[in-house]
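After this come two complexes, each holding subunit A, first together with subunit B and then together with subunit C.
Moving on, here comes the complex of A and B:
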């Protein structure tokens, strides 16, 4: 294990600033996920840490030592990429052994090292296979095993599950934490899949346009997204976003949905009258019987089941679209008129102009995700 | 009623000589009602694309018949079949703008210009491509091209809409709402649609019925719910559903009072004989080896269950996925609440008899679902 610190990193290609004064602290033994759209600068960041490219400005410290000018092979880093990048003329054993060979380990140590990681990744039965004889899943496991073989204190994984199918991706997502824990490395993991980010990250750094937009635990980010863009990136189905202009109330503000008033406790009164966006996570909305106090009338447009959830597209009386998600098998309307309940304490309010989350007063923190 | 939809009768597809070439589609028969949304689901090489191409007319049938809206169409040229298509490779016309591409589909209908404009505006709003209507295909993203191609197909009035991997490129943030809108649109217009996909999530979300194909053979053709609750075999059982069904090899012993499944590492699952119908007990009694399946959401944590050690617990915002070491393999559970479990925690797992799927150990064909015969 080790630590990684990036201090005020600037990286430019010609006139284009890819990383803009970026600083990041990765703790000892932590798995930090770099999450963001393609072109955000995630891979460039990883390559800078690896030492494949150099920053224009800033420092890179590994285990407290300045590595900015140290060659890639002396940084003590293991890497795996989305395209596997196995050596085609070597069998799986030889591929996995390369970092151990580079360290000039003894033949016995190499054998023991390869078998240790091969067992961990469940590929000990295909070690004599050439890459072309391996399935996609086995190739990807071999590439991971190679990254782990030298027991590097710092492991960089660049979207390693990108090119495997959904089932394998799911399987590996469940398996990786155990593999990484056994390895005891500090990990920087790049992905564009929010589920992978939440499942694997001790913390997630949301990166776009070369800057870190928010960094925190999965809870921090899911329950208090710093802005609308981040709120949209986490969650499936995507968060509902509705333009609203809040009204002042004795405690906070309220908004109207299908002409029904929804109180948003704890929102500062100065949000009243401002152009805002109401954020409602689909799983926090519930279908309720007509006549339930505060129930919002809607019309059901379509029901689309989604991985043990049932997603309903509904329209408010003002024809605004709302997605509602509930556990599969629980009752709900498939068509026609219906009513939904919105718990204002679980709603987000964003400033429409800046996109920023409008924070609540301390005592009114929502209970996103904890809701039954 | 069925005459008005699509009928595929005993269709074979050989690449190369009939009976000797590569047998891509084997004796396929299915009836699709007018107004239905069907998904042809399978992995690459399963025969779904060959089937699609035979329906569209890009590929000749080797044997059998295809009729659409009461007409035998399998000998017709593609344009004579009255089928609207959105294909992955069936790209937009590069010299035309997105608007012209979509409107072009209405050319044959000779509608007045204002009606065409209205229809294009409507479909563009639905697919969120209003602001790119004036752009050329080469200047828009893959996801936008896919939406434009969908628009061009959906705007048409046709006897059948064939949509090949219609949403594979779509931006994830748009997917849920577009699925809802497209399903609503197809239903409201009473269109008949076949979507061809490898993605079981897409199939489940949109289709009234799913046709699961593998090795050129139709494995099961039923509603998403029935495929989940009563998979015909181990293939459909594990292919449809995310996370996938848990499967364990087991031996069965049926006694006077109990039916016992013996799993690896000495795990014994004991049920009262009254949990199963006599027919199921007799089928189980005839088998030494079976595959025992249970869906992740059906596994319960309950006192007195089989102890299992947690290897991971992953919270995804609205679900928790838990994996635990069980009978020499991994048991995956899905819960809809936040569950706080750590690596190495022990949980007790209950597999209720009504949630068990039993498959033949040799053939993988379903033997029973819960208390009933498959």
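Moving on, here comes the complex of A and C:
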């Protein structure tokens, strides 16, 4: 285990700034997920840490030691690549053995080391296979095994589940925490899949356009997204975003949805009159019988039953689309017209102009201070 | 349908036969000539039936050319030895210099790297005759005229650009991630070059080396001007068969057969590497 600190990293390609004064602190033994859209700079960041490319500015510290100018082979890092990057002319055993060979381990130690990780990743039966004879899932496990084999204190995983099918991805999502725990390393994990990020991360750093937008625990980010983009990236189905203009009330502000007043407790009064966006997670909405106080009348457009939940697309009287999600098997709306209850306490309010979350008084907003 | 396809097959076979005859006839004819004396070769009309003789080959191997005008010394075996020595050492040197350079150009984009690579390629653009005169002057000043070292140096003009540009393409085809993975696993850049880049570009290096060998072997004009009799390769040495008492067709044919054999054998042996190497994307992980 070790720590990783990035201080004011700047990386440019020609005139394009890929990483813009980025700082990041990964704690000892933690799994930090770098989450963001493609082109956000996640892979570049990992390569900088690995030492295969150099930053224009800034420092990289591993375990407190400045590694900015240290060659990749001396940084003591394990890395798994999105495209596996297996050595095509070596069999799986030789692939996995490469970090151990670099340490000049004895033949017995190499054998023991390879079998340890092969067993952990359940590929001990394909060790004599060439990479082209391996299935995608086995390739990905071999690549992971190779990254783990040298027992590196710092492990970089660049979207390792990207190129495997959905079933394998699901399996590995369950299995990886056990594997990583057995390894006891500090992990930086890159992904574009929010479920992977939520499942694997002790903390998640949301990165886009070369900057960290928000960093915090999965709960922090889900329950208090720093801006509209982040709210949109986490959650399936996507959060409902409705343009609103809050009104001042005696005890804060409220918004009108289909002429029904919804109080937003804790939102500061200066939000009143500003163009805002109301964010409603589909799973916080409930269908209620007509006549329930504060219920919004809607028309049910379509229902999509998924395995574990049912998603309903509804239209408000002003034809605004709202997604409602409920656990599978629970009763849904009876007919074309229905009513939805909205709990203002679960709603997010964003500034429409800046996209930033309007914080509530005394609410917990995670560690977004680092987002600058 | 059956009839048309049979007709098509027949026509295709006919066309193929014609093409093969067109290309193979000179080679077969030379092969046949090499077993005939000058008298039977020059018979009119030419005849395919003849009494084979090994006299041409014995003359070449013993170095004694007996003609109507008397006995003449022919240094053919020496020439063949020179060809082998010059081509092998030139290609070896070009590989030693060119493969690391190709790797550098493929992996490290530095200021002016494209310009240097292009300059090296441009050696192939200039007609050899254009550079020969100044080269001869310089070589005389440097004492390199009529030396093996001088010839091998000049042969780099033929071999080096070829190897550099072909092999560079193969190195560029290797995913950078594969090399990064080996570096990160704890190996130096040199170990990465030796254990990852070289084996993966192997077929390409073999193909480039073979092509360079053929070009070096077939070179005529550099050796003609820069080498005297004892350093000349077969391409130049063959001129000796044009004697005052006539052209020794039989010996020329035998000399051609002998000088084609090494490149042909090499090409046949390396065929699978050539096919593997010249089909791009052979090293995708």
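Just so we're on the same page, the second predicted complex is superposed on the first by the 359 of 372 C-alpha atoms of A that agree within 3 Å, B and C clash if a C-alpha of one lies under 4 Å from a C-alpha of the other, contacts with A are read in each partner's own complex, and residues count from 1 in each chain.
The definition used in the following text is that a residue touches a chain if its C-beta (ideal position, glycine included) is under 8 Å from a C-beta of that chain, and two chains touch if they have at least 3 such contacts.
As the structure is a computational prediction, the values presented were derived from the model and not from experiment.
Aligning the two structures on subunit A places subunit B and subunit C next to each other without any clash.
Residue contacts after overlaying the shared chain place A:88 against subunit C, while subunit B stays out of touching range.
In the superposed model, A:167 makes contact with subunit B only, not with subunit C. Superposition on the shared chain A places subunit B and subunit C such that, viewed from the Cα centre of subunit A, they span 80 degrees in steps of 10.
Touch criterion met: A:234 reaches subunit B, while subunit C stays clear of it. When the two complexes are superposed, the chain touching more residues of subunit A, out of subunit B and subunit C, is B.
No C-alpha atom of subunit B lies closer than 16 Å to one of subunit C in the superposed arrangement. Touching subunit B in their complex are the following residues of subunit A: 166-167, 170, 173-175, 177-178, 181, 195, 198-200, 218-219, 222, 232-238, 281-283, 301-309, 311-313, 321, 323, 325, 327-329, 369-370, 372.
Contact residues of subunit A toward subunit C in the complex are 47, 50-52, 71-79, 81, 83-89, 98-99, 101-103, 131, 146, 150. Taken in their complex, subunit B has these residues touching subunit A: 172-177, 179-181, 183-184, 187, 199, 201, 204-206, 224, 242-244, 296-297, 311-312, 314-319, 321, 323, 330, 332, 334, 336-338, 343. Residues of subunit C touching subunit A in their complex: 175, 177-178, 180-189, 196, 199-200, 283-285.
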